[in-house]
Amino acid sequence: MPSSHKRRQRLVKKRSGKAGLPPGTPVHIGEKVSQYTKISVMDYDEAGCRETELTGIDECLIFKDRPTVTWINIEGVHDTAVLQKLGECYGIHPLTLEDIMNTDQRPKREDFGSYIYIVLSMLHPSGADNGAATEQVSLILGENFVFSFQEGIKGDAFDPVRERIRSGGGRIRKFGADYLAYSLIDSIVDNYFSVLEGFGERIEALEDELVENPTPATLGHLHAFKREMIFLRKSVWPLREVISGLQRGESPLIRQSTVIYLRDVYDHTIQVIDTIETFRDMLSGMLDIYLSGINNRMNSVMKTLTFIATIFMPLTFIAGIYGMNFSYMPELQWRWGYPVVLLGMAVAGALMVVYFRKKKWM
Amino acid sequence: MPSSHKRRQRLVKKRSGKAGLPPGTPVHIGEKVSQYTKISVMDYDEAGCRETELTGIDECLIFKDRPTVTWINIEGVHDTAVLQKLGECYGIHPLTLEDIMNTDQRPKREDFGSYIYIVLSMLHPSGADNGAATEQVSLILGENFVFSFQEGIKGDAFDPVRERIRSGGGRIRKFGADYLAYSLIDSIVDNYFSVLEGFGERIEALEDELVENPTPATLGHLHAFKREMIFLRKSVWPLREVISGLQRGESPLIRQSTVIYLRDVYDHTIQVIDTIETFRDMLSGMLDIYLSGINNRMNSVMKTLTFIATIFMPLTFIAGIYGMNFSYMPELQWRWGYPVVLLGMAVAGALMVVYFRKKKWM
Amino acid sequence: MPSSHKRRQRLVKKRSGKAGLPPGTPVHIGEKVSQYTKISVMDYDEAGCRETELTGIDECLIFKDRPTVTWINIEGVHDTAVLQKLGECYGIHPLTLEDIMNTDQRPKREDFGSYIYIVLSMLHPSGADNGAATEQVSLILGENFVFSFQEGIKGDAFDPVRERIRSGGGRIRKFGADYLAYSLIDSIVDNYFSVLEGFGERIEALEDELVENPTPATLGHLHAFKREMIFLRKSVWPLREVISGLQRGESPLIRQSTVIYLRDVYDHTIQVIDTIETFRDMLSGMLDIYLSGINNRMNSVMKTLTFIATIFMPLTFIAGIYGMNFSYMPELQWRWGYPVVLLGMAVAGALMVVYFRKKKWM
Amino acid sequence: MPSSHKRRQRLVKKRSGKAGLPPGTPVHIGEKVSQYTKISVMDYDEAGCRETELTGIDECLIFKDRPTVTWINIEGVHDTAVLQKLGECYGIHPLTLEDIMNTDQRPKREDFGSYIYIVLSMLHPSGADNGAATEQVSLILGENFVFSFQEGIKGDAFDPVRERIRSGGGRIRKFGADYLAYSLIDSIVDNYFSVLEGFGERIEALEDELVENPTPATLGHLHAFKREMIFLRKSVWPLREVISGLQRGESPLIRQSTVIYLRDVYDHTIQVIDTIETFRDMLSGMLDIYLSGINNRMNSVMKTLTFIATIFMPLTFIAGIYGMNFSYMPELQWRWGYPVVLLGMAVAGALMVVYFRKKKWM
Amino acid sequence: MPSSHKRRQRLVKKRSGKAGLPPGTPVHIGEKVSQYTKISVMDYDEAGCRETELTGIDECLIFKDRPTVTWINIEGVHDTAVLQKLGECYGIHPLTLEDIMNTDQRPKREDFGSYIYIVLSMLHPSGADNGAATEQVSLILGENFVFSFQEGIKGDAFDPVRERIRSGGGRIRKFGADYLAYSLIDSIVDNYFSVLEGFGERIEALEDELVENPTPATLGHLHAFKREMIFLRKSVWPLREVISGLQRGESPLIRQSTVIYLRDVYDHTIQVIDTIETFRDMLSGMLDIYLSGINNRMNSVMKTLTFIATIFMPLTFIAGIYGMNFSYMPELQWRWGYPVVLLGMAVAGALMVVYFRKKKWM
């Protein structure tokens, strides 16, 4: 169930440790997902591609002035020293470093002139319950480099991009750093689709369950889905603005040839939003169905009770009368008293049934 | 019932097969509706009209440089080879080809300079249940050609356009490719009206049923309609933006004389949206009626129960008292005990009825 | 009741007869309200006014090049021939003629350069039930003429305008065709006020009924009003845009001196919209009152039932005990057994009543 | 209670008397609040202030060409002759005169070049029930004069302004007519605050009542407040636009030095709107509290009923069995039959209680 | 519980004392939080920092023409004399002084040319109940000074800023007054996060309680939270506009280097708003859960009642029949009468249970 999963995920991440520090002080906010900081570099041009995994950040710096496109992917953002060194070398503003370490950012895009800073949420479809864990991904797009920072949850959506760089097919090796940044964003948005596919299947299953055999547990799942949608929505809506901003092509870092691809990923984002809104509408509709279902059943329960009470209360009363112990009750002595009373009861009961039928209560 | 129909239609189409491929790779997304790819060409100018059905895409290419208007209609978009050949010949961007094959697009319009790419949803009113199946239609409008791509569901909304081209009456043969594109869009929007007509009739029938003889099945239909409206709305709202974009006349591909017609089809789209919103409002109102109807009936059931219980419980209690076996119960020996008690019961019952009348519970 | 009235009015007018025809083909859509086409002409300038009722459209044409202002009012729009002749003579675009005949338009304004085409809904307050029938009115405003097309329902809102033209008082004879068009629009909007007055009175009566003596019929009326508001709203909202467009004064057909009057009628439209929204808010509030009223009554019914059951079930049980036929039940033989049990019952009952009082259930 | 008050106030004011008259005909719409027309004039400059109460409108005209600032306050707007004479003398457009007499205007601002016409609603906090009566106030701001028109309800919000003019302290005597107009608007908006203060206190009292001792009357008050808010909101929202329009400083009649004060009154208006929206949100929340309170009590009533029924129905049944008159019922003869059955009943009852405890129904 | 706290906080602050005074008259509106007026000054440049606590306002004036940055923090805004002296010396507009003393302002920003006036709400997380008290903070940013006015609640959010000025580390001593103003705003917004953290934790605790053990008290807390959110929202939404206005950089008082920091605090504000909206969505969802939970329990209670009644009413009726005292009831004499009837009852009861099972009511 997504609810239990989400409840573990805190509504508001602790920032208290940071209150009072001057702005631009990089302090890690959020759970420390991984212990280590893993740095992997892909450095490529049309001719070839070098791939290395680094142990220290110092080795990164040599890529700075090469004409090739350099992609440095850093997993684990809790290590202040690493970020500061990188920041100094590549001229990253302290506020950007601070934002990278605060893992509760909403998606945004900031243009610092010499680089564009982009924050996104990457979804991890988590096994059993199909709920989705969120990992903050920061991208820094410079003239000839892209840095990507992940919180460090295992696995990411970037493998297909890596594969394409290695193979050298397609456009990616021919185009610049902006196309690489686009490819990373595209693979993150594609990831949303597969998570939504999972949700879609489960919502349809829930819908069937709702119609065929609703239980209070069905309701619990329904509410858990609604909750999930609140969070999903919160992380996707600003995405739209982010990509639309990139696509407007105001920064010289983004070439005209890439804009057409960004328009494509923008369309995908709209589609993701559309799908989430459709899910929300459907879940609202399903809640209505559930509630009117309960009302219907309640109605039918009450009718049964009323039917039984209306039949047997008068009959029991009649039986009670002839159970009284008065000395002078002439009917009791009549030879046909008993059968006549039984008959009377049967007739009264039958009349009740007819009345109920007429009122359509049966 | 639309619900069963729609449940078969997947909420989110499978895209997983595509994840990881470079953008612009044409991969078919969605159910393969038809096995074959059917290509039909209409090539006309004011003087005459040639109509052919092609077996291979190569024959299409000969129409490229003719001064006549060429309309190539392709049913079945799963065949990558066909699309790629067409794309190369006519200079279609790979992203457009990809979009044509992904049959879960929302309506959109993209201007690629040398052509305008338009995605629409065509409705197929499906027989028995009046529900509507959706088929994605892509249009490519170039200088002197229009390509239309359908998923391949049998039948389309274009027959009247074909007829008009053949007959040569009216404006269509005199005007250019942009007027042809307008005509195709117009016939798709006209199609919405006939589907909405069907919905309107069924909603009115449902409304009558709701007032005269509501059952839980009525509620089921209500919810099915609401669900249908969610999907219909999702496919019509963006249409408005699409046509308003065309009408703004920024592309040289659309002549000023056609803009006035696009304004007309834009009005129709607004009317379709208006109608859908009215349906939604009415369905909400009908749900309220249903629920307050249930409440009213529940109320009336409870009143009956309370009435019966309030009459017979005290009477049964009195009967119970005189059914006790105490040795010394002087009333039991009185000559008039029995009739007096019966009378007392009748009076008590009558008082109860009066009380209920006063409280307006009967 | 408005509901029955409206149910007869179709949700979506049949357009199927038209599907497939080329755009600009004038085909009548909607019920044929009147059998005949009635043409009346008022031709006036400051000096005088000629009024004629015509039998054929040909006679209209003579007014074309006169310097006077000509108002041609046509009732009944099903006659294609009449419209086409008029269109040819005065240069009316085929799409306009088509729109005039399609009587399910939403209010709109279209500027064709040589004339402005305006569609409006005129309300007919219909006798007994105060519901309102809608009649589509099309206006064509040219340099020195105004054409008005009505569906042909008997009576219209234009009589005061006619009177003012005849009497020659006020501004109308001195001002041009644009002032005439304004006067017609103004009288249509004034008409809304009188219909809304009727609604206001009935809603207030319903509100009193709701508080004093609510019945399921009250609920039915409430829902009927809500339905009516949906339709009214649909026809008034676009009106705002229409008049605001006219008032912006972009067309040379509208003189600056008329703009100030259009601003006035624009304010009236806003007021009509405001009133409709207020009605909607009030009807929603009234539905809440009704539902909470039902809940309150249900609650009070249930309390009565529970009260009765709680008093008499234990007492009946006690009576049942002493009605058992065991041989050895010493209490039965006691001299004071009967009165003691009766007293016990009275005490138990009194305690129950006290308990209920304390819980505020009585 | 506000409800009763408001019900007397008509939803839609009668306009029927006016239908058909040419636009610009001043006809009084609304109740005739006062019989007389009271005209008071304040004419001042920095040096001094002359205050007169006039019997006829003719005396007003002498102020026209003086360099001093003239404020003419007219109570009672039903006298057409007075308005028309004033209009002719000061060049007021007939449409403005018409609007002044129609006392159902929504707040608006119209710039006629030589003067600005402003309509506002002034609230009168009405004694006992704290409900608010509305009085339409029209202001006409010219080069060196301000006219204010009131419907004639006794008392107004302008006394502080009069006092300040008389005393000659502060800025008012030094600044021009625009500052006077601002002062009048400001005192009207200040008036809203005191009415809202009254509402705030009563809503808080209602909230306490709701939590401590809710009755159906509480609900009635709640709905009456909601209704009041609908009307209050309707008259305040357009005010925002009115003042924002004045503040934009497009008219030469408003000096730059006054704009800063208008910005201040604009802020107050926003605060009034904010407060009304907060009230609406709170009233919605209170309705939810009331309804869930009813549900909770209903639940508790039902539990009691079920508890009693579940305990006593089986016990009564057992007693019924041993009340049967079969000849051969061996238990009846047993020496310990009676006590054993009593014990069995006690045990059964105790088990039921335990079961209910476990289900948390007690 | 927040509810009790908030109820003490008045919905609308008393303004009546002020009605009728000329605009720009500084009158204190709101509770007088502190008795004294405490004035503390920090005067610094890159070289050093002087900190003084003043007894009278006169000493402030000496800082006016120094080149250093002066921050004067004033706690307690009820002392008119102090404010007026300050206003005269530094050229503060009377309307600004008035706004400072009216402690019910909504957040706003006003540019007076020589200074910018900013009103904010500072939250004080109040101990036990985690509810938040609001304190109005006014900032005046001039060329080389910042004034901050607090109502006088003990403690504020500015301590970290003070610490940074004293220590001289970071940018604050090097940058100008605009950076100081930014730092103060930033620390107020940071404060929101810690209050929201507290809310988040309590909402999650409430959510757990709701699922595991809901009581009417849970509902009370839910409504109290909703109420709190209404007020929180009201004070945060305008903040967004305030900061976005500062960041647009139209005033020369704000240097370009500070704009980037304002953009950062703007992002934080958006995040605060986002979090509040998420809380609201969640609380709505929780209310739905509570209500459907009540419905479910009600349903289950009713089923139990119906089950018990349906089993025992018929059985009691049968027992009643054989408790009648007719002389001729042959069954009573049968040897196996009693066991046969008992068996019949058992069978009837079992059939009922089977029926209930089939209907899924058990």
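For clarity, chains are labelled A, B, C, D and E in written order, and residue numbers in each chain start from 1.
Definition applied: a residue touches a chain if its C-beta (ideal position, glycine included) is under 8 Å from a C-beta of that chain, and two chains touch if they have at least 3 such contacts.
Since the model is a prediction, treat every value here as computed from it, not as a measurement.
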Chains in simultaneous contact with subunit B and subunit C:
none
Which chains sit in contact with both members of the pair subunit B and subunit D?
C
Gap in Å, rounded to a whole number, between the CA centres of subunit D and subunit A
42
On a C-alpha centroid basis, what's the spacing between subunit C and subunit D, in Å?
26
Using the touch definition from the top, which residues of subunit E touch two or more other chains?
295, 298, 302, 305, 309, 313, 316, 320, 323-325, 329
Chain order, ring traversed from subunit C with subunit D following
C, D, E, A, B
Interface with subunit B, subunit C side, in the complex: residues 7, 10-12, 14-16, 18-24, 93, 95, 99, 104-106, 108, 110, 216, 219-220, 223, 226-227, 230-231, 234, 287, 290-291, 294-295, 297-298, 301-302, 304-305, 308-309, 312-313, 315-316, 319-320, 322-325, 329, 331-333, 335, 337-338, 341-342
Would you mind writing out the residues of subunit C in touch with subunit D in their complex?
159-160, 163-164, 169-172, 183, 186-187, 190-191, 193-194, 196-197, 199-201, 203-204, 207-208, 211, 260-261, 263-265, 267, 270-271, 274-275, 278-279, 281-282, 285, 288-289, 292, 295-296, 298-299, 302-303, 305-306, 309-310, 313-314, 316-317, 320-321, 323-329, 361
